[in-house]
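The structures considered in this document are given below.
After this come two complexes, each holding subunit A, first together with subunit B and then together with subunit C.
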Partner chain A sequence: MDFKELVAGRHEYAKAWKARKGGKVIGWFETYFPEELAYAAGLLPVRILAEHEPDIISDKWIYAACYPVKDMANQLLLGRMDYIDGFVNTEGCQWMFNVYEVATNNAPQLFKHYLFLPDYTESKSSKDVLRSELDVLKTRFEEWLGVTITDEALDNAIEVYNKNRTLLRTICELRRADKPVILGSEFMNLLLADQVMDKAEMNVILEQFLAELQAREGRDMVRLMLIGSETWDSKLEELIESLGGNVVIDELENGTNYFWNNIYPQEDRLMAISLRYLGRNNHPVKDSNWRRRPQRIFELAEDYFVDGAIIAKQIYCHPHGTDNYEVWKILRERNIQYHYFERDMTVPKEETQLHLEAFMNMLRAGITRLVGWHNKIEI
Partner chain B sequence: MKKGQIWETRPLECWDLAKEIRRSYDGAIAGTDKVLGQGMTSWTLDWASAFPAIRVVEDNPVGAMMAAQDEPFARNCRLASEVRGWGREICGYHNTCWGAQFLGNTADGKPFPLRNFTVPFPCVCDSHIKRGQQARDFKPIARWTNDFTMYIGERDEKREEAMLDHRNYNTLKLLNEMEIVFGQKLDDEILFEMAKSYGSINDMRSEIAYYMTFKPTPLTVKDLYSFFQLRPSPKMGPDVLSNFWKSLRDEVKFRVENKIAAVGTERFRWLEAHPPPWHFLKYYRYMERYGAVCLGSQYSNLRELIFAEDGSYSVRSFTEPSYEAGMELSTREDLVRFMTTPDARSPRHWKIEEYIEPDKLNTMMRIYNCDGALLGIWRAGVGCTLLRKEQAMRLREDGYSVMVYEGAQPGDRVDLDEKRMLEQLDTWMESLGYQMLDDE
Partner chain C sequence: MTHEYWKWPESSRVYEDAGWKAPGEATAGVDIGTTSAQAAVMLGGRLLGYSNVRVGADFRKSAKDALDLAMAGTGAAPADLAAIAVTGFAKNSVDFASKAIDEVQCHAKGARFMYGPDVRTLIDMGGQTVKAIRLFDWDRVRDFMIGDKCATGEGRRIEVLCDIMHVGITEIGPKSLEAEKDPEPVSTTCWAFGGTETLGLFGRPEFRSPKMSEAEIYASYLFSIAWRIIGVAGRLSPLDVGKIEIDGTLGLTGGLAKNPGITARIERELGVKAAVSEYDPMLAGAIGAALLAR
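What follows is the complex of A and B.
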């Protein structure tokens, strides 16, 4: 299965889905959006993905945002996603709110909704706020679409999404192997496709793909972890692979955080959804109380036997800019070597490649990770 | 008479009183507040004042002050935080203040006052959401958190019920736990008294904002930035602030009735949107050389009023139903509800207004009889920059002249080219047909 092709054909897919199902498409920006609710309403939830297209229009609307936000605004204003019938912005990154505002201000006929998801996720009262907000969104979907979202529809959506997350997790577990059968770029494309496709259809593809993976030969490469801002493509993973490395695990908003934990069904369906989204592995904005990200990063690094980590932060990504300090600190303390760089609309390929190559050459010695990269040793 | 003078002008009589209050505030807290916290108390009641020896300081003014007073030191602070991993596009308030924490001293060489706890500054701004963590990353200290509850569209009181419960629960938890952690008793009676006087001071502030709609304006934004930092504090003694605001209100009213201007050459009025570059406030004086006066912004006092299209205004009440309207105030829970206010999207400060009332600045331009707007866009200030470009477009659509200037962030002087900004102002004024009064 060529997942990259699925991602490239996402606009055609959504249009075909609408023609086939007669349903509407709802766009979302961050993975805190409770897709289950939209799915239960008969909507196709799709993540808005950024490209690397020369930006000709967004500067008029947005200043100093990260490139993906500007690119998304560019695409939306150019009408590349005119099949989308509405947007939901979930409280999170402010720049994402900016693109949501630009998109909906320029197309007032679209359905729009701001879902408040507490930034203080651990408070005793957070779950009740989110449950209440889910109820509001459910009503708004019902009014917009003229449908009733039944418990049966919610149960079905929860089941489909739980199955999807379980399949993703199962595939991800294969990356732990000494010789992983899946490359980081392929896994990223798989995830991106998952975020723009009907989950029931994607589940069928994933089951077939899982069977396909069993027959594959694994490859021994430098094992890397990818940490940092959200991503929208697999270009960095591909560059790493061209140098003999493989991203075997990530701690990205749109990566493992997207599928790591399931919904535990309970009688109160909305509360079950609320608990899942508050209890998931958090983005820096939602990790504003206890710092849980650094410890999780360390645990993933250990579990997936990484040789080193790459921290790629989008420039103008304020939440990650304020988390770096603690992420760097724990990696240093736990003797995990890392390479940090900033992403932008474009980065100089040769320079980036050279830095990554030098970093991986350092890791290839193998033994360095046992004694620490600060120590000079002769190999 | 000054060249180009149109209106009578004279210094404000309240200045001396304001300076005296400021000195007495510094004296009242000097040496008494042993427990220092990072963050912000409520917008309505400074609850820290009701503890015997607790004080809460926000990093915004601290960082801005450092950058204004000592640029080389502020740059060292930034470097100290960036080298540890802080993003170079992070808000200057943050990076400078917490960079000084890493360096271990303040600009004058004194030891950096380490915080004993952090409390939230609930805000929609991503940067503010992460504010509490710097101090507690540095050393293990007590911390509390809260949320800024937000949605877009018309007010929906039913939707807000759970939001208000959430905010009230976390505020109550904060106050109760702080008593236990620091062994200090919160004096609820002090807060009851502050709640009673809150409404009247707020009304006077709003009235002053209203008087600024008249031509010539009796105050400028520079006056406001000085006066609005004077917050009621029981540590200064009862009624000190109420009396000051009453005096100021009366004086401003007198000036309006007698057309006594803040700037005698006033002939061009402009508004802003967000904080100015704090280290470079002299551009206000520079603009006065053109007879141009800044009346403020949604960030300064002007958010106190709600304007109707016909020019009438009403006072925005942060605390409706107010104490005067009969709100029950007998328990700490009542005080918490008073502080949170019944509006889950309060305080309706400038950032929130931009989300909920995107046309507000246009309305203000009409009500304040303004001729133009000067908008700062900040590379490293997400909350200070978000939606600004759309705001400029909306103003231009209404026929207002808008000048936009770029910088790093209001509390960070790294990127602001001061000379270029003044040249831009010259060009802006000249393009509108104004010359410097000295040149005319």
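What follows is the complex of A and C.
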């Protein structure tokens, strides 16, 4: 299964889905968006992904934001996603909010909704606040589409999404092996395809893919963890692989954070959804009270036996970077080698390659399973 | 002809008696950067010859010219060498080398050769990037940081200012040290901002606020560059993030290591004395590449 092709063909897929099912498409930006609610309303939730395309139009609307956000605005304003019938933005990154505003202001006929999600995810009232916000969104979907979102529809959506997340976790677990059968770039493309496709259809594909993986031979490479701002595509992973490394685990919003936690069903379906999104692995802006993300990064690094971690922050990404100090500290104290650098989707390949190449050469010299214990100290 | 104030002295040297009779054993390293190119030929841990030249529009040709110059007059040719390694910004555009090695490993190796085994913190300050490297006791890299974003081009920005202000590149550093006390640095955000602010300070003296002497303006400019470099090095602190502590002896390499206006300010702010070497600090990358070539 070529997941990269699925991602590349996402616009055609969404158009074909609309023609086939006669439904509407809802665009979303943040992984805090409760897709289950949209799915239960009969919508196709599609994530807006950034690309490496020369930006020609967004400067008029968004200035000095991170490049992915400018690219999203560029694509939306150029009409690449004109099949989208509405947008929902969830409280989180301010730049994403800008794109949401630009997209909806330029197409006032579209459905738009801003979903508030408390920054303090663990305070006493957070779950009730989000539940009431979900109720508002549910009502708005119902009014817009002229349907009633029943408990049965919500149960079905929760089941489909839980199955999807379980399949993704199962595939992700295979990366813990000494010789992983899946490369980081393939897994990233798989995840991105998952975020733009109908989940029931994606589940069938994932089951087939899981069966395919059983027959694969794995490879031992420099095991890396990727941390930082959302990457939006697999180019960074591909560059790492060309240099002899493999991303075996990540802590990215479009990576493991997207699927790590399931919904625990309960009678109050909206509360179940609320608890899932508040209880998921925290994004840095939702982590300012407890700072649990650094500890989680360490635990993932340990669990997936990484040789080192790459922290690649997008230039002008304001959510990421706020907890750099804590992340560096915990990795340094616990002797996990890491390299931090700021990247931009427009940064030349050579410059990014130098960071990765030097880091992997540094690690490789000390990895006895790759070079042998008797290897001379020289690099 | 207009005087080129930015121009730094190029150099080359061949040690005639240093073993050229057995060139098949020798290795060469070429460091082809954005601004300068160096070549070093090594045999048995000894430097046989080197060159340090300005890079032209054609990186490949510049790299070849540097290597030819390092071997000129010896009777040996690049084909006689056991291996050639290339490093630096344009390493992937050079096709005559047997190996391309990243700059961090090469500078680490070269600095150990130049400054000895005590060096555990190294700052390479080139035309384009600043690299801070921390080493183990032995010559293996422990951690590194590369300057990025707008704050790159530290070496090149000095060349530009020298040309505009008609001050020789070898003079700006000593002149800046004539200031009795360093003023606040100009903008450290990016070199375009820093340069513009500095040129503003050179405006009509009666409008300068505060009134600054020429030496103080140079001091302010070079301090802003040193400040950025210290910022990159500070992220490598071995004990705790947030504190700048230099581990072991400090080694400085790259073109800016020859500018006393930069090195003195780095030493002052970090509270350490940098190691000295008989070799040109710009040669570290090429020497390291030659040592790692096999």
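Convention: the second predicted complex is superposed on the first by the 365 of 379 C-alpha atoms of A that agree within 3 Å, B and C clash if a C-alpha of one lies under 4 Å from a C-alpha of the other, contacts with A are read in each partner's own complex, and residues count from 1 in each chain.
To be clear about the criterion, a residue touches a chain if its C-beta (ideal position, glycine included) is under 8 Å from a C-beta of that chain, and two chains touch if they have at least 3 such contacts.
Since the model is a prediction, treat every value here as computed from it, not as a measurement.
By the touch criterion defined above, A:Val102 lies against subunit B but remains apart from subunit C after alignment on the C-alpha atoms of chain A. Which of subunit B and subunit C touches more residues of subunit A: that partner is B.
Of the two partner chains, subunit B is the only one that A:Tyr114 touches; subunit C does not reach it.
Once chain A of one complex is fitted onto chain A of the other, the partner contacts of A:Tyr325 extend to both subunit B and subunit C.
In the superposed model, A:Ser123 lies in contact with subunit B only, and not with subunit C. In the superposed pair of complexes, A:Pro34 makes contact with neither subunit B nor subunit C.
Looking at the shared chain after the overlay, A:His355 reaches subunit C, while subunit B stays out of its contact range. Once chain A of one complex is fitted onto chain A of the other, the partner contacts of A:Phe341 are limited to subunit C, with no touch recorded for subunit B. The residues of subunit A shared by its contacts with subunit B and with subunit C are 315, 325, 328-329, 340.
Residues of subunit B touching subunit A in their complex: 81, 84-91, 94, 120, 124-127, 129-130, 132-134, 137, 143, 145-153, 156, 159, 161-163, 165-166, 169-170, 355, 377-380, 382-383, 385-390, 393. Interface residues of subunit A, counted against subunit B in their complex, comprise 60-64, 91, 93-95, 97-98, 101-102, 105, 112, 114-116, 118-120, 122-126, 128-129, 131-133, 136, 284-285, 288-289, 291, 313, 315-329, 340. On the side of subunit C, the complex with subunit A involves touching residues 89, 92, 101-105, 109, 138-146, 148-149, 235, 240-242, 292. For subunit A in complex with subunit C, the touching residues are 315, 325, 328-329, 332, 337, 339-342, 347, 350-351, 354-355, 357-359, 361-362, 365-366, 377-379.
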